[in-house]
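Here come two complexes built around subunit A, the first alongside subunit B, the second alongside subunit C.
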Partner chain A sequence: MSTYVRQFYPGTSQSSINRRKYLDPKTKYEKLRSVSDEDLVRVLGHRKPGEAYKTVHPPLEEMKEPEDPIRKIVEPTPGTKAGDRIRFVQFTDSVYFSPMAPYVRTWAMYSRYRGLDPGVLSGRNPIEGRERDIEKVAKELVETEVFDPARTALRGYTVHGHALRLDENGLMFDAVRRYTFNKAKGVVEYVKDQLGVPLDKPVEIGVPLPENELKKRTVQFRIDHIKFVDDKPLLNYIHRNFELRCRSGFNPEGVKGI
Partner chain B sequence: MAEPRYIKALRKKFKESPEERYTTFYTLGGWAQDPRKREFKEISDKIAKQRNIPMYNPTFGCGGVGLGQRTYMPYLISGTETYGMPEDIHVVNNAAMHQLWDDIRRTVIVGLDAAHTILSKRLGKEVTPETINHYLEVLNHALPGGATIQEHMAEIHPALTEDCYCKVFTGDDELADRIDKRFLIDINKLFPKDQAEKLKKAIGKKTYQALRMPTIVGHLMDGGTMARWAAMQISMAMIPSYKLMAGEAAVGEFAFAAKHAELIEMGTLTPWRRARGPNEPGGLPFGYLADMIQYNRVHPEDPCKYALEALACGAVIYDQYWFGSYMSGGVGFTQYASCVYTDDILDDYVYWGLDYVKKKFGGLAKVKPSMDVIKDVATAITDYSLSSYEKYPANMETHFGGSQRAAVAAAASGIGGSLATGVAQAGMGCWYLSQLIHKEWMGRLGFYGYDAQDHAGPCNLWSWRSDEGLPIELRGVNYPNYAMNVGHTSAYTGIVAAAHAARGDAWCVNPLIKVAFADPSLKFDWTYPRECFAKGVLREYMPAGRRDVIVPPR
Partner chain C sequence: MEIEIFPRRLLSADRVEKILNSIIRLGMVENIILHGPKLPKYVVVPSREHPMGIRVETGHEDLRKIRFGSEEVELTVKVGRIIIQPIKGVDLDVFLERLKEMCNEQLPFGFDIRVGQFTKTQPTISDSMREYLL
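Take a look at the complex of A and B:
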């Protein structure tokens, strides 16, 4: 029996290569900016910096849980051990070369992290989990190459903007105006938290990447960048996937040699 | 290369060129950009003052920032020159959309042959064209709420039921010739010759009644009422028409025939979890709705437009009424649905697909369904559709939600597959493959990734076995895998329509429904639905079901 080699994504184009890289937990995301823990907590808007985590149950070690073999196999996340409540971080990715896209970030969540519950929509990518676990993953996702301050955003609701044209500074539309472009500093500043509650002071989230840099890092296909249909191995994979689902949906024995 | 059809609408919507990627936001006037919202606010303020309870207030939107931070764009009703604001195409605000649904809900078809057999074989009564004409005259008195055999009855005001009547149709030319023309849906006059011959052959010597109950009854009761209303009044009309004893056993047979044996309802009962009776949208099969649309009867040369008209009605009935109102409510899913019948965007993609299919396969319904054909057509049309969004940022902004783009690209692909093969199941294959391509292309798709709707779809596409699948023509919004398919089932209607139009069929699934909705006396114009919607947008559409004769003037 051959050894199973984990696969991440098909295709030969740069966008496919980026998808593979972002899904593979052996690849570390490149850090491009720093946001302090306190500032990130402010933008997430779930608690005040320094405030204790709210809990929904006592720490697991204080609880007498029933015997369960799964509990011995799966180690709880830090947030679960502490009894943190469930909170979220939610991203919106512009179609104009945001480094990530909702499906790819979700697959990355499954591939790289534990104890998180991501969802995929076109205009938003909610990730739910225990509060301190969410803060940890949010920090990595915001500080690294999978985020761009102008084309990726943190939004709790009123998320529309991913498909809209860009504003005069190249920022993605946000009806709630949670962030602005500080022209003097050349940085994007959050002035409201994810849910639109004004912050005491602006939080600098970083300098927008130039478009050529975004194009190098994005997982997106576009006709003005990498045409999807030109990535033949990826297209063939989808065609094969479709055909197998058609042929074997109620008739798995009818398909041989998969 | 000619400009895409949608460019004109994009120029009307936005001040910048459709190719421009940058614009300005936040300083456009907020919700007051939209004349409808201004009107709503003004009226709501008066109502709130009168009733002393607060009402509509658009400043609450967007977390208190207020709605309208981006350009509030008008929408063109595709295939027309009429623009309206999004509010104008919400089903509650558009009177033509009311009538579209009312005309379906208030219709049942009941065969006359069982009643005639009882009359002639059991009671020894003579049934002739003359007696049928007399019966129809009595029924057209009784059906809107007139008494027949009882004295001193409370009857219904005719102005409330002006749209209520019964007509008949038959495949028997000899009988049709002798039916009073006021009561006849004349297949020979209404359909092109080849379609008429096919329909008459399918209907044969049988005679059917198309009964339209009053619109107001649909508003006050429900779709399940219609067969009962019809059966009651059919029985009451039979008694004086054929001089029967009131309550004799045969009358019960008429009621049984009208309620069960000879009854064709527009929609089947939905199960308890959906909790709706017959003649409600949840039980209306896609093939029935496609048959109701008459564009291919009048314009058989343009199968694309037939598909687009059918699809627009599917969007209103299935997405805006069923999913957006029956199953949820409130603000509903208007723009989720209306993307397929606004701004000529889908029209452009569909006609591009038509040209592609003609060039590739030499005409319509010229190639047998196969995986290779599905892959070819779906990939080409999805490529064209998604590229259009990326070439024109104004187009992308118009379809600002992934569900909208997914619906439109996949609908065009599905219609293309139907046009190429003449088989709706192959068209649906193109729909599903389009969704899979779209998902990988953009790294996103529709509501919650369309995991349930489209990833599982191909798996039950080709099975017709019970509990595994159905021909697309007979599926509906209550088909298990489609129970949350907002933004999908409109297209399924169009995919069915396109397949049968490509083959030159006279109907999709039921010839009786095709004929019943060819009736020019119907309130809604079933040949040009989108023009009706446009009239509704302009507030120029007069529906049935008015109450003005029994209420004080405003």
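Take a look at the complex of A and C:
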């Protein structure tokens, strides 16, 4: 029996290639900017920088857990070991060539990280998990190519704006006005944390990527860029899935010959 | 007949001021309508200091008076569409060409221009009901 080789996404267009790249845990995200741990903690708004993590249970080593073979196989994440609280980070992705889309980020979460619970909605992508795990993941997601300061945003609530036209500086609409564009420096600054609480001093997240760079890195299909229907291998795969489901349903024998 | 300028991005107050004055300078316009989402006079945001847990934030950078020809007008919307009603008898082709030239200069992120009827010419049933109710 041949070894199973995991496949990530069909298609030959640039968006499909990007999807495969972002989903494959063997490839590393390209780092484009750096945000300090302290600044990220302030933007997330879960705790003050330098403050100890609050816990909901004692560390696992001190707890007497019942005998269970699964506990021996699965190693707990650092946050679980320490007994951290469950916190969340939420991303909003604009439809205007944001590098990621909620669905793809969720798939990437499942294939790359452990101990997280991503949710997926049309314009937003909440990720729940233990506090220190969330901080680690948020840092990687914010600092790398899967984030753009102008087209992707950290928003705990009032996420409306992903499908609206951008403003003159290319920023996505935000009713709570968590971030602004600093014209002098050319960077996007967060003036409130993801929950809308004002910060003591603005946090610089980074320079927005130019339009052509975003078009290269995006996973989105759009009528004015890469059309979904133009990627024939991807379309054939989707059509085959539909056909198999319609003609054979839950009967695996029915698939034969299709 | 009306002309609609549809910019690819939402306009700031500064740019609206510039573009409106350029349109007036063409001398072919009878009326201009600015259309877009309303700018909020206040937003309710969370606050850890306030006992209620919320606080009211006022002021928006675009919520200000703009100079429109010789007078000042208060801008109340984030401009997403500009509808222009030309003076009767104006050569529409010449007007459109000049508008396009002007937009090319002032809207570097792109725009669409359409000719058609974008406002109501007679009241709808809902309008009549509102009139009756009021």
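What we mean here is this: the second predicted complex is superposed on the first by the 254 of 258 C-alpha atoms of A that agree within 3 Å, B and C clash if a C-alpha of one lies under 4 Å from a C-alpha of the other, contacts with A are read in each partner's own complex, and residues count from 1 in each chain.
Everything below uses one rule, namely that a contact is a pair of C-beta atoms (placed from the backbone, for glycine too) under 8 Å apart; a residue touches a chain by one contact, two chains touch by 3 or more.
Note that the structure is predicted; figures quoted are calculated from it, not measured.
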Clash-or-fit label for the pair subunit B, subunit C on subunit A = clash
Task = Figure out whether A:F97 sits in contact with subunit B (first) or subunit C (second), or with both, or with neither.
result = neither
Request  = Would you sort A:F147 into first (subunit B), second (subunit C), both or neither based on which partner it touches?
outcome  = neither
Query = Just subunit B (first), just subunit C (second), both, or neither: which does A:L166 touch?
reply = both
Key: Which superposed partner A:F88 touches (first subunit B, second subunit C, both, neither)   = neither
Query = Does subunit C touch more residues of subunit A than subunit B does, or is it the other way round?
reply = B
Inquiry  = So in the superposed three-chain picture, is A:F250 touching just subunit B, just subunit C, both, or none of them (first/second/both/neither)?
reply    = first
Message = On the A-aligned overlay, A:V219 touches which partner chain: subunit B = first, subunit C = second, or both, or neither?
response = first
Ask   = Which of 21-29, 39-47 or 93-101 in subunit C clashes with subunit B after superposition?
value = 39-47
Key: On subunit A, the residue positions that both subunit B and subunit C contact, one per complex   = 164-168, 170, 173, 175-177, 195-196
Ask   = If you look only at subunit A, which of its residues touch subunit C in the complex?
value = 164-168, 170, 173, 175-177, 192, 195-197
Task = Show which residues of subunit C lie in contact with subunit A when the two form their complex.
result = 7-12, 15, 40, 43, 45-48, 80, 109
Remark   = The residues of subunit B that touch subunit A in their complex are 16, 20-26, 61-65, 67, 69-70, 371, 375, 379, 383, 386-387, 389-391, 393-394, 396-397, 399-403, 405-406, 429, 432-433, 436-437, 439-449, 451, 458-463, 465, 468-469
Query = Which bits of subunit A are touching subunit B when the two form their complex?
reply = 19, 93, 95-96, 100-104, 106, 119-123, 157-158, 160, 162-168, 170, 173, 175-177, 195-196, 219-224, 228-229, 234-235, 238-239, 241-243, 245-251
